[in-house]
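To keep things clear, I will list the structure first and then write my remarks on it.
Read from first to last, the chains carry the letters A, B, C, D, E and F; within each, the first residue is number 1.
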Amino acid sequence: MQTLTQRLANPARFMELSARLLPWISGAAGILLVSGLYLAFFASPADYQQGETVRIMYIHVPCAWLSMMVYGLIALSSFGLLVFRHPLADVSAKAAAPLGAAFTFLALLTGSLWGKPMWGTYWVWDARLTSVLILFFLYLGLMALRSALEDESAAAKLTAILALVGVTILPIIKFSVDWWNTLHQPSTDFTSTVDPSMRLPLLVMAVAFTLLFFAMHLKAMRNEILRRRVKALRTQAVAGRDRLAAQAANHGAAE
Amino acid sequence: MKSFWALLSRDVRLAVREGGAIGTALGFFLVVVSLMPLGLGPDLNLLSRIAAGVLWIALLLAALLSLNRIFEADHEDGTLDVLATGPLPLELVTAAKSLAHWITTGIPLAIMAPVLGILLNLDLAAYPILVATTLAGTPAVSFLGAIGAALTMKTRRGGLLLALIVLPLYVPTLIFGISAVSAGAGPTGLAASFLILAAISLVAIVLGPLAAAAALKVQLQ
Amino acid sequence: MKSFWALLSRDVRLAVREGGAIGTALGFFLVVVSLMPLGLGPDLNLLSRIAAGVLWIALLLAALLSLNRIFEADHEDGTLDVLATGPLPLELVTAAKSLAHWITTGIPLAIMAPVLGILLNLDLAAYPILVATTLAGTPAVSFLGAIGAALTMKTRRGGLLLALIVLPLYVPTLIFGISAVSAGAGPTGLAASFLILAAISLVAIVLGPLAAAAALKVQLQ
Amino acid sequence: MQLIAEDLVIDRGSRRIIDGLSFAVKAGEALVLTGANGIGKTTLLRTLAGFIRPFRGVIRLDGGDDELTLGEQSHVVGHTNAVKSSLSVAENAGFWNTYLDSGEDSPSRIAASLRHFGLEDLSDFPAAYLSAGQKRRLGLARLLVARRPVWLLDEPTASLDTASSERLVAAVNDHTSSGGLAVIATHLPLGLERARTLDLAAQRMAA
Amino acid sequence: MQLIAEDLVIDRGSRRIIDGLSFAVKAGEALVLTGANGIGKTTLLRTLAGFIRPFRGVIRLDGGDDELTLGEQSHVVGHTNAVKSSLSVAENAGFWNTYLDSGEDSPSRIAASLRHFGLEDLSDFPAAYLSAGQKRRLGLARLLVARRPVWLLDEPTASLDTASSERLVAAVNDHTSSGGLAVIATHLPLGLERARTLDLAAQRMAA
Amino acid sequence: MDLGPHAAFIWISYAAVTVTITGLILWLIADGRKQAADLEALERQGVKRRSAAPGVR
């Protein structure tokens, strides 16, 4: 009996499975998203302190969570590539990076837009904000490094190394930034302080965004696998011609 | 002229391929700008006061980090020998390479300058001025930097040495660049700084390639 | 061990010959420190407030400018191939090279730090602390930087890319380095920052060579 | 057309490398420079190209273009290949074709030069992945992407296989037979037509 | 001692370069690799040295030190020389001598290796000023500054003059006759003793 | 629906998220189509795959 990862290790199997899963995940994400939006706008009250702007929370918080979760996924995939040489690990890491960067960017953006009415400024150099910003830079670094390297398999391993280094450094950054500036807003304990009337929409939106991410990630992985097939076919075409030429040249030299 | 364009476009293409010019420029800019508050303290008032300085320092940094190999790489693989015996005088070779450097660092960073503005709380109305003055001032950075790059071509770790040589040359650009961007200047002060910046760049565009070509001729022996 | 010392002393010697390490470090320091008032305005109070920031930014700059070739040069002339088949595991090779980088940039800049103090009106009593914290914190700069240098070894103009990759990794060092140096910390705060700085450096000394060696193994293929 | 060197004296860092050398190469002729490592072949070629200024002596190209220096009328192929790793084979050749301003029908000229050196199948290949000999061939292809009357070649067959060496010899023979001239430093017998040999060692002993 | 490769398959960037190659080189023997440019000689040597991981197949050194990889028991001389321009000739040789940890009487060993390749007069010369062939000789001198049982040489005679090539051949013959083994890629007939030739082109066609 | 004095911030937030995510989705779909088309074109030219899963070994 094969384990799930073993079965998934075969890209052909993955293509088959993902093709079957993708519509379901996207559908579920869509339904949850619509109901989440309904709950967020029509079935939840304005905050007694923050007023209507609290509705930004329903997208800000899922994006912020995803920004960290996706980095965790990339780190896991990188580990899978470097240690187990899992054939799909790099496909997963490569596909996730731009998505993670996008969610991090959205967390920053919606946070800034929330900050203006709440704190009177778009940006403060607060601990949580700064560490999210640095997370965003790590994403940028991953993508920049990959795009600067031509050899695909080397690029995969090198970005994996960078991702793992980043994951060890991230907690240190989080902790150092906390230390450096203790003025930041005290982190509210979500489960106990957020009113149940807001907890439900937030939860629905969070699940919807997570499913949305997985749908996009699957699609991006499928695209990446196809891209690699195309590339391999192209180089094989060149290689075939070149091999013939090398043989011809050698033949000529021998005569 | 055809040779000039060929060289220019080759250098731009290399910069894009080897360094991923624009994306890297954006990322670099973001990182430097956000490290400054970490270095100087998160006081927003202070930050918006020094925003102009941070912008120009990021520019100089980007120049320093990308300049030091512009001749060295061509020298090492023998390209410089062929360029020197080509139809283009060496002065135009250095001009084309400096121009390519400006296109691949000066322009992207000028376009990205407003990003800095947001992070440092800069006045929205100042953005067009910011971009314009950066565009007018950065040619000096590339063309003067080329002199340093040519002089340090054969010292294998020219980075710090290059910085030591060219940073003093950047002082006028830095002063007027900052005074053009900083808010307090007023329209006439702005116009004056802008013109002076442009003038410095023009001088650099003339002087830089000549001096760099002279340095290269010595280095090729 | 003999191999380790041989490599270390060769790298130090190369840095001294090719870059004139200490003299360049001093000059670079002077230039950066004297450019800061131009960028930030000549307010002496402000300047002494940000002295610590300037010191650390100069350090990071020096690292960025001298790091990007530490593996690339050895790769291009084939030395890296021989080092990789030598008696020393690649992890120790990268450790030796990072250590050499620290000796040729970290130490000179730490020793020069009081120069900055004079220029920026720093309290005399703070000098020993300044030097000590700089010495404790800079290994992280060299050893983490080596990771970036190894990752960008084959991208020919890695300068900006290297900066983009390693600057975020420098954030903890920067924050604690500054909080250790800046006057307001008080003795306990100082001791804490100093210890944390040393701890970060230790983490970097372990992590850096491992990651850099892993990257080099991939690059050598 | 004739390349003339008279009483050349060349110093490098206070060492006299070439001392009173005179020679002439006529159009249609190739001059092969030989001599042990370090005798001064590269130094002499770089002096002819105009990079090194001789301590004494005259170098001129009789019948050449008076507006141009000798270097500007020469193809210089040194120990390095002037190949950019991040460009493809075709892009490398294309760049030199445009830069050196051949003026003539470029695409077919580039294709022909790549074909001559057996690189046509590798056109879209990044030069970084070429083998040593393939890279050398790409460096040599520069000789054919633009016409220049003088060829100054420094150990052109280094790391070439036998077949490619023969292609190079054929290219030089073509060049000389169509009125060009060449000065070639080499350690190996090349089997060129219309070639004379100048042994720098013998010359040095005579001086 | 015996170097054995079994059923090697080597890919580079999704191209299959070597497909099912097997060979064995015994102590006292030299294997000469030949074949056109780009056939895969450098790739094979770098695989033996351990830089490239083969897609399939086994490489082992029977009778070698089991604690060390094949690369760590080999001298690898590639297309580049591993010579630092800013060090002098003696410093370059001295560094490799210490680094590779010869253990034996070092100064005389360094002197002997420089002498073997005719570099003794240049010891204090900065390597930056060496001619191409002199630099190559300095790269080859590394073979003699420390003892290693396996030599992997990639076109070692590139840019050497005839006399120096003969010195190299003598060094390889010495090495094999004292129980070492060597794998050498070359385009030129070297005249080695106790050498067998492996033509990669023929091998490829058979595959 | 009245979103109070800061309606613009809310709308911009939601708009930004919508635009970014829709953009990503559209790009993913377009990219997928392009890869599929390229693959089909190559296979029609008769280039065959040698091993099952190239590039992911």
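Things to note:
Note that in this section contacts are C-beta pairs under 8 Å (C-beta built on N, C-alpha and C of every residue); 3 or more make two chains touch, one makes a residue touch a chain.
All values reported here derive from a predicted model rather than from experimental measurement.
Each chain gets a centre from the mean of its Cα atoms; the one farthest from the centre of chain C is D. Taking A-F and A-C together, the pair of chains sharing more C-beta contacts is A-F.
For the self-contact between chain D and chain E, the two sides draw on mostly identical residue numbers; the shared fraction is above half. With centres set at the average Cα position, the gap from chain B to chain C is 24 Å.
Per-chain Cα centroids separate chain A from chain B by 34 Å.
The mean-CA centres of chain D and chain F are about 52 angstrom from one another, to the nearest whole unit.
Chain D and chain E have Cα centroids separated by 30 Å.
Across the assembly, chain A contributes residues 134, 137, 140-141, 144, 148, 152, 180, 231-232, 236, 242, 249-250, 253 that each touch 2 or more other chains. Residue positions of chain D with contacts to 2 or more other chains are 79, 85-86, 161-164. Multi-chain contact residues of chain B (touching two or more other chains) are listed as 14, 18-20, 24, 27, 31, 38, 76, 156.
Chain E meets chain C in the complex at residues 49-53, 71-72, 74, 76, 78-87, 95-96, 98-101, 139, 142. Of all residues in chain A, those touching chain D in their complex are 150, 238, 241-242, 245, 249-250, 252-253. Across the complex, chain A meets chain C through its residues 82, 134, 137-138, 140-141, 144-145, 148-149, 154, 157-158, 161-162, 164-166, 168-169, 172-173, 175-177, 179-180.
By the touch rule above, chain D contacts chain E in their complex via residues 12-13, 35-38, 41-42, 79, 129-134, 136-137, 155, 158-164, 187-188.
Residues of chain A touching chain E in their complex: 151-153, 231-232, 235-236, 239, 242-243, 246-247, 249-250, 253-254.
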